[in-house]
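Next come two complexes built around subunit A: one with subunit B, the other with subunit C.
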Partner chain A sequence: MYRALAYKEWLKIRWFTVGAVGIEILALLYIFTNLRAILEFNNVIAVWSSIVYKNYMFFNSVKYLPLAIGITISVAQYLPEVIDKKLKLTLHLPLEESRVLLFLNLFGTMILSVLNLLLVAVLIIGTSMVFPAEIVWAEFITLIPWVLAGYLGYFFTSSILIEPSWQRKTVMAIVGFFMINIYLVDAIYGAYIGIIIPLLIITLLYNYLHMLPGFRFKRGLK
Partner chain B sequence: MENVVEVKNLTHYYGNKKVHENLNFNIKNGSIFGLLGKNGTGKTTTINILNGFLKPTSGKCLIFGEDSYRISPKTKARIGFLIEGHIQYSFMNIIQIEKYYSKFYSNWKRDIYYELMSKLKVQENQKLSKMSCGQRSQVALGLLLAQDPDLLILDDYSMGLDAGYRRLFLDFLKEYGKGENKTIFITSHIIQDLDGFLDDCVILDYNGVVLQMPIEEFKTKFKMYRFNSDQQELISKDKVINNFEIIKNKITVYSFEDADKVQKHLRDKGMVFNNFQNIPMDLEDAFIGITGKY
Partner chain C sequence: MIFSAKLSRYLIVLSIILVASVIFPEFYSMTFSHSFSSPHVYYSPVKKIFVKTVSYKREIKRLDSKGNEYTREEFERLTPLFSYRQLLYRNEMPDSIDGIPIDISLMRLNNIFITIKPTDVYRYTIPLNPLIESEPGRPDLQMPDDFFRITDKIEFIQCYSNKVKVKLSKLFNDALVNCGFNFPAKKFFGNPSTRKPFDEGFFIVDNNNNLFHMKRVKNKPYVKKVILPEGIKIEFIKVMEMNLKEFYGIVITEDNRLFLLMYDGYKFVELPSKGFDRKKMKLVFMGNQFYRIISFFAKNSVATFVTDRNYKLIAENMEKWKTDEDFAVGKIADFIFPFKLEFTDVYNKYVNFNFTFSNSSFWIINLLFLFLLLSYFKRKRKNFTVSQSVDLIIVLLTGFYGFIAVLLIKDDD
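Our next item is the complex of A and B:
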């Protein structure tokens, strides 16, 4: 049964997922062609020095990409469920409602993970061909909060869409905005290293955020 | 189990607005039960409570003996649910949606679904969002019948449908329901279609339940009388007269009493009248008679 549920979710988001892959590829092409050009036209030491001393982030153009993808996947997945209250159809299936709600978010999280893995893996592998391990590691640590912001954007957007009350939607949107902002502060390389683990745990806990709006939807609350 | 649905002292408020107060009715196994009422009388609210999508302010609603707010997955599989407006996943086509739902129900009857789909002039890869309202209603009905539920809950099946699709919908439903001893709970605002279809009904108006009885009994006992009189001021609702209309000197009264008793009642009130006639009614006339036109 859950395979069928996954089939439905995939039908909703498949073209958005393909689009996200396309945008990631374009962004990566832009980053690496740009980097290549910089390395060609500049002294390599000057580039390293810019990275180390001037905090030059050659991959900065993907900062908001995981967030944009997270929000897009959530909208693609949940908007068709909330238009005409179609979530009722899903909750009427012969399955435990809490498990269904959890599964929907887990499916979206899994798709996001694949997309994020693609982005981070290509960036890290590509960078490691040019820069030493220290810079690659610093880049990786810098990327993590950006990626986590994507998950958080997904979790908050899902909850906002499912929530039946406009007041609560607004409160969640404001809280979400400020929460996500914490993950995207302009900082030096690896600035988040001390709080990566708490940030990761907090983000994962937000995977349950949509459960409350889901139950409120089920109870018919407004 | 004699009663598939039992509604006991159901009361529901939206804020301060009363929708139901102490609503009681039972739906017998194998019967076709209609919840009739004008727009805004609480039909969809009742459906939402029955399906567990709304927690009532007080009272109980049992489906197959389970609290409707906590229906187990096993019982949910026995309930087919049509959302008002034949809502289904519009991003799917008819093949995808059948493939999707078939995995949830062990008694899935694929042939019934495709029999209905063969009557539609749609492409297999045509999404539901590109179909007409009537075509979408057939997809929704096909899915319901393929599910093979013991209880069908249909919220305003007639919404947006022309006469042909409404007839097609009911014909399939009737054949299926009666043939296989299914219980059907239906709401509609187009009453005339349900004439000859329902076994029992509850009629709601803005103040609550107006009537609850087997439909044949209602149609047989509820009468419309028309007569002429210039003493319109003497007409009022009471124990004999359930409702009335006055157009110039032509007065129409609705009553569960026979013609003699109504005429005697009018005379007792001091009314002088002539040309007293018993006018035959269909279900829609009777519905308007009991609920009024406004």
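Our next item is the complex of A and C:
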């Protein structure tokens, strides 16, 4: 049953996933060609200094990319479900409904993880070819909250779409906006180092965010 | 399903509380808060008194500690070592102070201004630094083409190739080991800029909390162990090369003491540090031909200490001013908001959950909201459910924020 469910989810989001990979490749191409040009046309020592002392982030064009992908995947996955109330059918399968809801989100999360892994891995490997481990590590801990923002965007978008009442949709949208902002504060390298673990735990908990909306959806509450 | 729906509801409620505790106090402050500028305190070598400039909105007042007001010109005459450019321009520079003749070049040499902010100390730094050649044989300093790291050994990394310079690294590594350095380094402090008269390299705290001075002289290592005074643990050193060559920099210790690290045999000279809190105060060190003036700027006070050139305390002064907390704006905020949440901090450059709790007056409003919710629940039915009791506790603890949250996301049972 779950395999069939997974296949159904995949059918909905496959082209969006391919599109996301395409955009990631374009973004990565831009970052590394730009970096090559900067290293070519500037003093390399000055570039190192700007990174270490002036907080120059050559990779900051991907700051909002995981968030955009998270929201897109969520819309692709849940919008068709709520338009004709198709999700009701899924929730009436002979499976426990909270498990089904969790499964749907986990499927999306898994796809997001593959996309994020691709993005982060290429960035890290590429960076480590031109910069020492210290800069690569600083880049990595700077990337983590941006990536987590993508998951949070996914969870909030799912909840907003599934939630039947417009009043609650609005509340969740406002709250989601400010919660995601926590992960995207304009800060220096490594500023999040003290709260990466708490943010990770908070993000994992939000996997359950759409449970109440799902429950209300099934009951047809307004 | 029930359990996960409940968990989901509390997640939403908690998110609303967090977001409310960020945006409501922020909005309140944007609407009502005032700015309070700190006075600048100077010590007049002419009259031997403290004078200050205080800005009130558009105008600047110049006062002494008795409240006498001075004109701009009078004030400049009181602080000739600080205002010498203006006094020279007006041909009013005194020939001597305390019988000591004034020599402009000597005065320039002795004028020092050093600031250490908490954000300089409490921030993430990428542990790579350039070790500038201190005897380049040229008038200007030049950035080297390598950055060094100190982990279990010291390594110089060539910027162009991103590869370790093996020979140079070994040379410095041996020099450090021979001097008794214990890897890895805990902290290092330098002034990695070429806009200074000369370079003094880095001061490094090793794994045994010993301090070492490392320089690059004609591409060869210069390493010296610095003997620390008994019981000192270094938190931060602001290294600052000056032509005066009296001290390498200012040392802040983990117990909020302040020292100058002198050129003369790496001696430590203690500075006044009464009331200094390195995590919450800005340190300003001003020097001139006659005095050293050390100020600690806090949120609503500035303490100033004046020493002579032998670092003997001769005068001290305390200025306090009122902030929002002393006025209705702040007191009302204490009532309405049980706490506020911010993610950035003026004292450091980390992102964190910075909760500021109000003093106890918020309990009154919290109780008010508790009773409002209680009467709302009572109207609906007689007996409380467990989740209603939880909601009441949430409102008792978080007041206004929780009240909004539990009403926006009511429990559907």
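Heads up, the rule we're going with is that the second predicted complex is superposed on the first by the 222 of 222 C-alpha atoms of A that agree within 3 Å, B and C clash if a C-alpha of one lies under 4 Å from a C-alpha of the other, contacts with A are read in each partner's own complex, and residues count from 1 in each chain.
Basically, a contact is a pair of C-beta atoms (placed from the backbone, for glycine too) under 8 Å apart; a residue touches a chain by one contact, two chains touch by 3 or more.
None of the values given here were measured: they were computed from a predicted structure.
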- Based on the superposition on subunit A, does the combination of subunit B and subunit C result in a clash or a fit? fit
- Item | Once both complexes are placed on the shared chain, angle at subunit A toward subunit B and subunit C, C-alpha, multiple of 10 degrees | 140
- Task: Examine A:G220 and indicate which partner it touches, taking first as subunit B and second as subunit C; both and neither are also allowed.
- Result: first
- Task: Classify the contacts of A:Y7 with the two partner chains as first (subunit B alone), second (subunit C alone), both, or neither.
- Result: first
- Can A:L212 be said to touch subunit B (first), subunit C (second), both, or neither? second
- Query: Between subunit B (first) and subunit C (second), which does A:H92 come into contact with in this model arrangement: first, second, both, or neither?
  - Reply: first
- Which of subunit B and subunit C A:P80 touches, first, second, both or neither: first
- After the superposition, pull out the minimum Cα separation from subunit B to subunit C in whole angstrom, please. 11
- Message: Show me the subunit A residues, by the header's touch rule, that subunit B contacts in one structure and subunit C contacts in the other.
- Response: 96, 219
- Message: Please output the residues of subunit A touching subunit B within their complex, sorted ascending.
- Response: 1, 3-4, 7-8, 11-12, 80, 84-86, 88-89, 91-96, 218-220, 222
- Query: For subunit C, which residues count as touching subunit A in their complex?
  - Reply: 1, 3-5, 7-9, 11-12, 15-16, 18-19, 22-23, 123-130, 143-145, 147, 149, 157, 159-160, 162, 192, 343-344, 349-353, 408-409, 412
- Can you check the complex and tell me which residues of subunit B touch subunit A? 14, 48, 51-55, 73-74, 76-77, 79, 81, 83, 85, 87-92, 96, 99-101, 103-105
- Query: Tell me, which parts of subunit A touch subunit C in their complex?
  - Reply: 44-46, 48-49, 51-53, 96-98, 101-102, 129-132, 134-135, 138, 145, 159, 167-168, 171-172, 174-176, 178-179, 182, 185, 187-195, 198, 205-206, 208-216, 219, 221
